[in-house]
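Two complexes, one shared chain (subunit A), two partners (subunit B, subunit C).
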Partner chain A sequence: MNSTYIATLELAAGAVLLSAIMTLWRRNVRSIVAMLSVQGMALAAVAIVLALHEHEHALLITGCLVFLVKGLVVPHLLRRVSLLDPRSRESRPLVNVPASLVFAAALIVLSYVVGTRITSLSPSSATHLAPLGLATVLVGYFMLVTRRRAVSKIVGLILVDNGIALVTFLLTSGVPLIVELGSSLDVLLVVVVLQFLMVSMRRHSDTDRLTEMKALHD
Partner chain B sequence: MLILAILAIPFTMTIISASFAWRPWVGWTSAASSAAFLGLGIWLSVATLSAPQWALHHSFRADSLSAFMVVVIGTVSLLATLFTPRTMHQEITSGVTTARYARHYVVLMQVFITCMLSAVLTANLGVLWVSIEATTIATTFLVSHRRTDGAFEASWKYVILCSIGIALAFLGTVLIYYAQLHAGGPVHSSSLDWTSVMSLAHHLDPNVTRLAFALLVVGYGTKVGLVPMHSWLPDAHSQAPAPVSALMSGVLLTVAFYGLLRFRAVAVAALGPAFPRALLLVVGIASLLLATVMLIAQRDLKRMLAYSSIEHMGLLAIGAAVGTPLAIAAVLLHILGHGITKAVLFLSSGEIYHLEGTTEIAKISGLLARRPTLAGIFGFGLLSLVALPPFSLFVSELTMARAEVDAGLWWVVAISLVCLSVIFAALTRHARQILMGARVEGTLPSSLSSSVAVPLITALVACVALGVFSWPLQSLLTHAAQGVMP
Partner chain C sequence: MTGTISIYAVVATLLQVVMVALGAPLLVGIMAKVKARAEGRVGAPINQPLRDLRKLLTKERLHARHASVVLVIAPMLIMASTVVAVAISPLVSTHPLLGSSADILVIVYLLLTGSAAAALAGLDPGTAFGGMGSSRAMTIGALAEPAFLVAVIALSIQSGSSNLPSIMVSTLAHPQWVLGPSRLLALGALLIVVIAETGRIPVDNPSTHLELTMIHEAMILEYAGPELALVTLGETMRLGLLFSLLANLFLPWGIATHSSTLSLVAGVVSLALKTVLIALGVALIEVRSAKLRLFRLPELLAGGFVLSVLAVVTGLVTR
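And then the complex of A and B:
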């Protein structure tokens, strides 16, 4: 029983990081969005496995919520945004794909170095996996910095958020339910806001302006 | 009861403004609602002097610090909402906006105000985070209200940068929660409550707390406008309509700063004063230096005011770094003085933009001869901003400097003094161009409507009154400062 629990937890947490790295590897926006959907479901699996093991009803609710919001709704919204965009490929990333993957490997090492200082506080099979969450956060930031397209920036933001959620589940079995509800709602709204802004900007001016963003400066 | 009433007023106003089409009376009602919760906020301040107030099964908690923040939010909201009917009228007649967007604007303003109030009144540090993140969502639409390229660009940068910044603050909050669980904290919904975190703060693991506090400083620092995550601020503040800029600069920044004040107390209890002080000094001084450099060669009026906000937020961070009760009391007085002054300046710059059609400093000149009342208000606002006596910012900056000397931080006083002198010179030069530059021929002197002049002049008088007689606030300020002492 216990070994199945650990194996499932490791598998699900590993899937979160793996799908984050896949988003760096893939260029087609549709497959990136599919990866995000997988990631949201893996994240929900982590929460549900933990909840069943520790008999935490609040975490079970959180898991179902995560499945709905991060596994289904957010990817659906992003898919709609990507349909608006004629060029659905990340054409000129600031760091090319092979180099990005090397960077991602370095970020994973870094998060293990930082993470062990945190996990040593209360070692358990769950907290030992927390560096995977930190690595997902760092991959998300890397994506935000090195990808130019607006959709890629949104994807980076979601990666950061999913990584933080993974750390939260593994370290603390989830923050109080009211906070979790609030933060999920906020993430959902941020994606809606960004989608709205992309649509308005596209309607308002030509497509290329969006990526340049040079009207405001000192 | 009082807490619920304060939250219910802007919430009800949200529903009212959502259910009626835009009419000036909706705007005036929203101003009345701001006045109402300001009044209740003052009442709450008096009540918290004896004991913290609770509401809804300990979901909400108000100590003197929360009550003081309600008063700050109320004061600036009152000023900003008083200008709503006028701003909307101007924008609708000039075709910048339509009645439909005016309605969205009023609704979002009230949502924005409700979120800020819930941030300062919640008992839970997690809900504090949720509320501050929610302000980002409401204000994004307000920043993009004018629907120009610049406005969309500013709001895009604003959401992206603030969301990634505030995500770090969430990670920091989670780590505090983790440390608290390990220290034997309760595992139920009240576990991130301010009182329960503070009661265990001395037992939090130093390693985890150190990382958490660093994340919180960068995270909430993004919303405060502190270096290194400040770059959204000048764009957003210059593109938003004037009342929105007034609210964002006057209170939103300091509501996020309120979060930092709370977590500073936790960090000092767990780690001792050295680490939080070092971290806050670094971001504070860096923000002050950056603002100084950017203000020297600033060409745009609203961006100038935005960089001045970064300057004042830097001063607040330095004051919080010192962290003595005197320093925190000065920080709080500074929050109020800066809020009122910045609101006056943004609102009058909105008026200048409406009359002159530009906010470029080089294109506005001789305002004192052409529009004496408006120019006078703007000029006195700038005098208040550079902290000349008798304005309250002078008192708070002087007190902060005294607290820094008491703490042995002479070099900080020296750096601040140099920066403030350079900023004084820079702002005076810009002001001279705007107010007394070569007169543009062909425009006749025009008088300022009293609906503009009266609130702004009253606000400036209030700044002077706060500077000369800060005694009505003194007990509240010291009581509030005691509340965030470890």
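And then the complex of A and C:
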């Protein structure tokens, strides 16, 4: 029982970071969004496995909520946003894909070096995995700064959010339900706002590259 | 192990070399057959690569006019380095002769010796295609090598040793490692590396001589007759070795761990089954995907590299 618990937890936490890497790797916006959906589900799996192990009902509810919002609703909305744009590729990121993958590798090593110092303060099978969440956060920030398209930036933001959620689950076995509810709905709101923004940006300037927008009109 | 040489170790080593030498061309034949069937063709019989080799052996030796001794030595180097790597790796049994020196780094660098020899042979006759092929092969090799080494480090972190037989033995003792995240990530990275090193489809298309895209074929363009047979067999055995290592590192069950005739037979049968399974998988990847543009290859290989780094870090985290 205990070894299955650890194995599942490791697998799910690994899947969260792996899907973050995959979003950097793939160019097609649709497969990036699919990876995001996988990440949301893996994150939910982490929460649910932890909840079953520690018998925390609130965490179980949080897990189901994460599954619904981050695994299904947010990717669905993003898919609809990306359908607005026929050119569904991240064409010219500021840092090219091979370089950003190598950079991601460096970020992973960095978060391992930093993360293990923190987790060694209170070692347990769950806290050991926290560096993976830290790495997800860093990869998310990297995506936020280096990608030009609005959809990619939102994906970066969601990666950061998912990484923070993963660290929280692993270190504290979950925050109060209301906090998690707040942050999940926050992301949902951002995506909905993005959808409106994209439509109006497209109407104005026929692009969704944020760097190419020089001024805001009303 | 010192002093006495067990008869089983000798038999296992011989079995490995013979099996890879005869089996690897059959693996290539099986992959070609699967591809042909998936494309709606009948395809050549699966022993076609062996027949091709036999035909080449009966032909005349021909050398390009400006070729130097490098062209003559390279096939032997390719063959010799591959045979040594096959002989010492744990493929059929975990105790082949010199199994204690089957360090993963030794295997990697033995294979690298073969690639370097092939690249020099491509440059030697001074033709345009040969040079181009060598340059591309070295570029891909230089990108794939770090991923290979780091992925292997991920495997040795878990077992605490970089000796191939002991990695396999400790995996047999801890079957839960196989489905751990570190192993799966390393498997992904090694699969990319193996496809790159053996020149299969997303990286190189072994069945064309189209000058714009060929990599490996361009290097051996100047070979004919028995030397072409030697180079081809060497490269095919390298594919067989990489597939067998992949199979045994991730699914070591069946490999002979003690000295008895029965376990050697089981080792042979299980190795054949596992490598055929991997060949089928690679053939399906080939059917489903198109060859990548050369400029997109760094993306694939950098992906392999980051997977292997991820494998190392998850291996350290979950240790």
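Throughout what follows, the second predicted complex is superposed on the first by the 209 of 218 C-alpha atoms of A that agree within 3 Å, B and C clash if a C-alpha of one lies under 4 Å from a C-alpha of the other, contacts with A are read in each partner's own complex, and residues count from 1 in each chain.
Criterion: a residue touches a chain if its C-beta (ideal position, glycine included) is under 8 Å from a C-beta of that chain, and two chains touch if they have at least 3 such contacts.
Note that the structure is a prediction, hence the values are computed from the model and not measured.
If you put the two complexes together on subunit A, you find that subunit B and subunit C both fit without a clash. When both complexes are overlaid on chain A, the residue A:7 reaches subunit C alone and has no touch with subunit B. Applying the stated contact rule after C-alpha superposition, one finds that A:190 touches subunit B and leaves subunit C untouched. Once the two complexes are laid over each other on the shared chain, residue contacts for A:122 go to subunit B alone; subunit C is not touched. Of the two partner chains, subunit B is the only one that A:171 touches; subunit C does not reach it.
By the document's definition of touching, of the two partners only subunit B reaches A:160; subunit C does not. Once the two structures are overlaid on chain A, subunit A sits at the apex of an angle of 150° toward subunit B and subunit C, using CA centres and rounding to a multiple of 10. Of the two partners subunit B and subunit C, more residues of subunit A are touched by B.
Residue contacts after overlaying the shared chain place A:83 against neither subunit B nor subunit C. Contacts of A:102 after superposition: subunit C is touched, whereas subunit B is not reached.
The gap separating subunit B from subunit C at its narrowest, counted between C-alpha atoms of the superposed chains, is 19 angstrom. Annotation: subunit A has no residue touching subunit B in one complex and subunit C in the other. For subunit C in complex with subunit A, the residues that touch the partner chain are 176, 179-182, 184-185, 298-299, 301-303, 305-307, 309-310, 313-314, 316-318. The touching residues of subunit B, when paired with subunit A in their complex, are 124, 126-127, 129-130, 133-134, 136-137, 140-141, 144, 147, 149-150, 152-157, 159-160, 163-164, 167, 170-171, 173-175, 177-179, 181-182, 188-192, 205, 207-208, 211, 234-235, 238-239, 294, 297-299, 303. The part of subunit A that touches subunit B in the complex is made up of residues 114, 117-118, 121-122, 137, 141, 144, 150, 153, 156-157, 160-161, 164, 167-168, 171-172, 175-179, 182-183, 185-186, 189-190, 193-194, 197, 200-201, 204-205, 209, 213, 215-216, 218.
Against subunit C, the residues of subunit A that register as touching in their complex are 3, 6-7, 10-11, 13-15, 17-18, 21, 25, 97-99, 101-102, 104-105, 108-109, 112, 116, 128-129, 131-132, 135.
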